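Consider the two complexes below, in which subunit A is the common component and subunit B and subunit C are the respective partners.
After this line comes the complex of A and B, so read on.
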């Protein structure tokens, strides 16, 4: 216990991030079930509208701030990145320990919203003036949670940028680092630039609500559109903070499991990853297409948003063509990774109409939007995280998970999410607005809502099976046959024990000029 | 409901498109009709891209399964020129498609935002949790009574909020716009046929957000005149 609380080891910090984010996922997932059950029938059924709104707020905030960002950056970067680049730890291990505990405090603070009177019901977007002048919800919990988790992210960003720049193994050039490492760099550059903007935006909310300022009070010269702009100026790039490490991990898994080097690494890195980082900062107004802004901004950001399909398309081509002439081996991790090739298609392509301001006039704020971003965040990014936990499970625990149970859980999850979100896409196009407690005006949508609930039950079962598999196998699974059961060529597999000891590498690794982490040619001697 | 049998993306999306009813056009650009055209182009567009990528992925996943335990992949290793070609050519194709869609979206946007000259103006006020409508002749209405409009005359809504952000959405006319405190926003639509259409709020506004709904009631000219006389305040 003590050695976990005071740990500065990046692997333990990573696992603490994983536990925290899975806890947030579990709570937010249970709330999603309550939300789904409420929507199964027209009219109020299980819970009251105000409770429903609190659940909806917490589901969104916890999934994004508590699960996805910390899971895909905190956990993945911490556990994998130092080993991939051949470093014994991160650049500032104690800072790293501080950032994981700031994050944990953030989660605890967020959970306390359920104990205090007047929990926030302001949705994770916290739009003024509802959040500041009209909601009785306790805004400070939201704001301080964002602050804590934001600080944690910023410290992580500085730490990992320094780690990659200064601590790569001797001889490791920039074109030899893992694709995943590039995606983490991209994600943390985004965090470093944009998190302060979100922190500012929510701080202004706090000042408006409790100290009588009027940044967002129109009658006193404030502007409600300003908050929307500040919020999405961060929160759109935040999508890429989640998406980039997700595709990074998928690339590693797909390459390893098909024994093929990444297809067109250079273009995927310099065009794909950095293209997303550059373009991703100039598209936020697509969240404000119906907010009464001047028309040229809406048209301009329609074009930039559409062009995001170029770098994302290049990354997708690399993901798919890495399979070409491969020697694919299907384990549970690869099941999840392969399903992500389909999820990125659906999630990405349904983003295209939402990039078009004129189509968003109809589709905006409907279930179509909701289903779209659930395909990207709730499925693609989440499945990528699950794939990673399975793939690196032998590394983290020194044990194997149960393959049959893992695949059973996968099918439950995969069938479940499709059954949940296709009906919601369709009723979204037909006009079902999101964030609705009730849908009295659209009783014809009840059948679709019920299908979605059935799907959600399958997912809940699938997640339960998966968690049991992880916990049981971590404690008493079969011992891993060797340090590198998937025959990867990346340093975290080839040069460390499973699980790796303190300092990671028995001998500090050095790499030659022609080494790559994707060189699967059978070695004659090693 | 056997359409649920098809869980293939293009099919599902295309099918959902067929559920959208079309409206009759008038003399001016009826953006509701134009929306249908752009939406169908878009569905074909993303359907084709999705099918190409989906089929390639499926074929690769099936065809390139490992045959023997020591097998390694034989994927291509590119020279710099090949690398660039595999980057630039797809990038140009994607970009071309983006501009094709942007051009269509742009045109539609202009029609959605250009209010016809003969449009009838209605002042809309949103508040937690109801709507009020005020007509040029002084008649008033609310969400229980409905937004009553005469058939054939385009309607422009000038909208303001009394409290928080709301959003006025008429799904059948493919249009919504937020009511921003401190601003006046607008949207317009063409009530081409007599009938009733749901309108509802689409920006989260608290407890009864999901109960801020009513009907757009499109009636004949005489009926409208009678109605608006009777509802003068």
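After this line comes the complex of A and C, so read on.
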């Protein structure tokens, strides 16, 4: 126990992040099942309307703040980044430990939602004036959950930026670092600049509710749109905090498994990653097209929202063309990675109509929006995380997972998510509003809701199979045949043991000027 | 496969966990007990327990860091990176203030007493002096004069306390005139922005104290003192924006 609670080693901190984020995922996932069962039949069935609102709140807050952001930045960056750049640890190991425990206490605080008499019911967005004036829910728990996890993320940002600046292996130039390292840099730059804005926004909620200030009280000269703007000024870029490490990990997996160097590495880095970081800061108003704003802002933000398809497209081109003429090995990690190419396509294409302010009048606040962002966050990013755990499983545990069980879990998950969200796209276009507890005015949607519930049951089974596979294989799986079972050329595979010991590298690595982490033998065209 | 274990050993520190636990008890739980559940007793218990753990955490962390005496100087890059975040916090507060102010029908709104500029001018002088005195201290330290450093550091802490005293005096004065948090849009912006800045001064003083205590027994670290100074200068610079926006506009 003591070795884990007081550890400052980046790999153990990374595992702690993984455990925390999977716990948040499990709880938030169970709540999603409860929500889905409630919606399976018209009329109130399983849970109370108030409980439903609390579940919606917790599902959103825990999935985004507790699972996706810490899972894709905290866990992945901690476990992989120092080894990829040839460092023995991060720049500030104790700060790293503080960061993971602040995050864990953030999760504990969020879980207290289910114990306190007045749980927050304010969605993960906490919009004023409902959260400050009308809800009796415990706003302070929401605010401090954001603070704890946000501050943990800021410490991570400082730590990893310094780590990459100072601790690369001797000889490793900026164009030689893994694509994943670039995406982590991009994600943490976003966190560094935008998290404080969210922290301020929720702090102002706290001041309004408990100290009587009037930032969001229109009668006293405040403005509720101020909150929406501050909130989405962070929370849209947060999507890229999740997306960037996800595509970064996919790029590593696809390159390794197809034994090809990354197609257009520099374009994907400087155009793709940094294009997303740059443009991602100027699209937030598309979350409040219908809340009221002047036309030039609305139209400007529509243009920037559409333009952001370009850097995302550049990354996608690299993902797809890295496969071209590769010797592709389809294991479970690669199954998940390959399915992500499809998910990014559907998730991306359904974003385009939502970017258009005229179409949003119809599609906004319907199941269409909900299905769209679940395709990106709930599936693309989540599958990328699962792909990564499978891909780096031999590295983390020194053992192999069970391939057959892994693939069975994949098919359950993949068929399940499609079965869940396609019907929701369709009824969304037909007008089913999101967040409703009951849909007695739209009984024609019951069939689609039931299909979605069947899909959700498949996903639950798939996740259970996957978790059992991970836990069983980590304890008593077959020993990995060597330190590098996928024959990767990246430093975390070639130069460390599996699992790596303290200090990672038996000999501190040095790289030459023509070294790359994607140095695969060129093969003749067939 | 176990080669890696021969060269190094696993690194531990209990203080990050203690600090995180202290923050958890001392901030969210104390706040929620007091404001959401109206229990002053529970709030005080959580607050004090949290504060105690935070002090233990910081003291232990500092002594560990000084014992290692690593001079890699990463912190002198890390702190400016962190200050980017801090800048964004103040920027969002100012944006909120501008939005309140520029959409208001009348400014200052009904019920705002006269807020004099004499006090902020005095406070500016105090805070700028404290930055300069800390700089003197750093120069003494570079010259190897540890007692000179301690002297100027204590002067800086004294000036910081004087600044906070002025803030409290002014708040007390304004609240007696009926200008409280909830009075109007002006009071909202005034207390939020000056209060937030004062909190940063308090934090900076906390850092100074944790530099001072080991310095009293002769332990200093140039990276640590440099970082503390950098943070203090940042807080000082923010004050100019606070004064110009809140008092002189």
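Keep in mind that, in the parts below, the second predicted complex is superposed on the first by the 521 of 526 C-alpha atoms of A that agree within 3 Å, B and C clash if a C-alpha of one lies under 4 Å from a C-alpha of the other, contacts with A are read in each partner's own complex, and residues count from 1 in each chain.
Everything that follows uses one rule, which is that a residue touches a chain if its C-beta (ideal position, glycine included) is under 8 Å from a C-beta of that chain, and two chains touch if they have at least 3 such contacts.
If you're wondering where the values come from, they're calculated on a predicted model, not measured in any experiment.
When both complexes are superposed on subunit A, subunit B and subunit C sit side by side without a clash.
By the touch criterion stated above, A:235 is placed in contact with neither subunit B nor subunit C. By the touch criterion defined above, A:193 lies against subunit C but remains apart from subunit B after alignment on the C-alpha atoms of chain A. By the touch criterion defined above, A:290 lies against subunit B but remains apart from subunit C after alignment on the C-alpha atoms of chain A. Judged by the touch definition given at the top, the superposed model places A:490 against neither subunit B nor subunit C. Subunit A has more of its residues touched by B than by the other of subunit B and subunit C. Contacts of A:388 after superposition on the shared chain: neither subunit B nor subunit C is touched. When the two complexes are laid over each other on chain A, the CA centres of subunit B and subunit C sit 110 degrees apart as seen from the CA centre of subunit A, to the nearest 10. Of the two partner chains placed by the overlay, subunit B and subunit C both lie in contact with A:223.
Legend: residue contacts after superposition of the two complexes on their common chain; A:520 is shown touching subunit B, with no touch to subunit C. After superposing the two complexes on chain A, the closest approach between C-alpha atoms of subunit B and subunit C comes to 12 Å. Counting contacts by the rule stated earlier, residues 222-223 of subunit A appear in both its interface with subunit B and its interface with subunit C.
Residues 49-50, 53, 121, 123, 127, 129-130, 133-135, 218-219, 222-225, 258-261, 263-264, 266-267, 271, 290-292, 295, 298-299, 302-303, 306-307, 309-310, 313-314, 316-317, 320-330, 338, 341-342, 345-346, 349-350, 352-353, 356-359, 361-362, 364-366, 418-419, 422-423, 425-426, 429-431, 433-442, 447, 451, 520-522 of subunit A are the ones that touch subunit B when the two sit in their complex.
If you check the complex, the residues on subunit A that touch subunit C are 2-3, 5-9, 12, 88-89, 91-95, 97-98, 101-102, 104-105, 108-109, 118, 138-141, 144-145, 147-148, 154, 157-159, 161-162, 165-166, 192-197, 199-201, 204, 207, 210-215, 220-223, 226, 230, 233, 398, 483, 496-498, 500-506. By the touch rule above, subunit B contacts subunit A in their complex via residues 1, 4, 7, 9, 12-13, 15-17, 19-20, 35, 38-39, 42, 45-46, 49-50, 53-54, 56-57, 60-61, 64-67, 70-78, 80, 83-84, 86-87, 90-91, 94-95, 97-99, 101-102, 104-106, 108-109, 112-113, 128, 163-165, 167, 169, 171-172, 174-178, 180-183, 185, 187, 198, 200-211, 213. Residue ranges on subunit C touching subunit A, taken from their complex, read 1-17, 19-21, 23-24, 27-28, 31-32, 35-36, 61, 64-65, 72, 74-75, 77-78, 81-82, 84-86, 88-89, 91-93, 95-96, 99-100, 103-104, 109, 180-182, 184-185, 187-188, 191-192.
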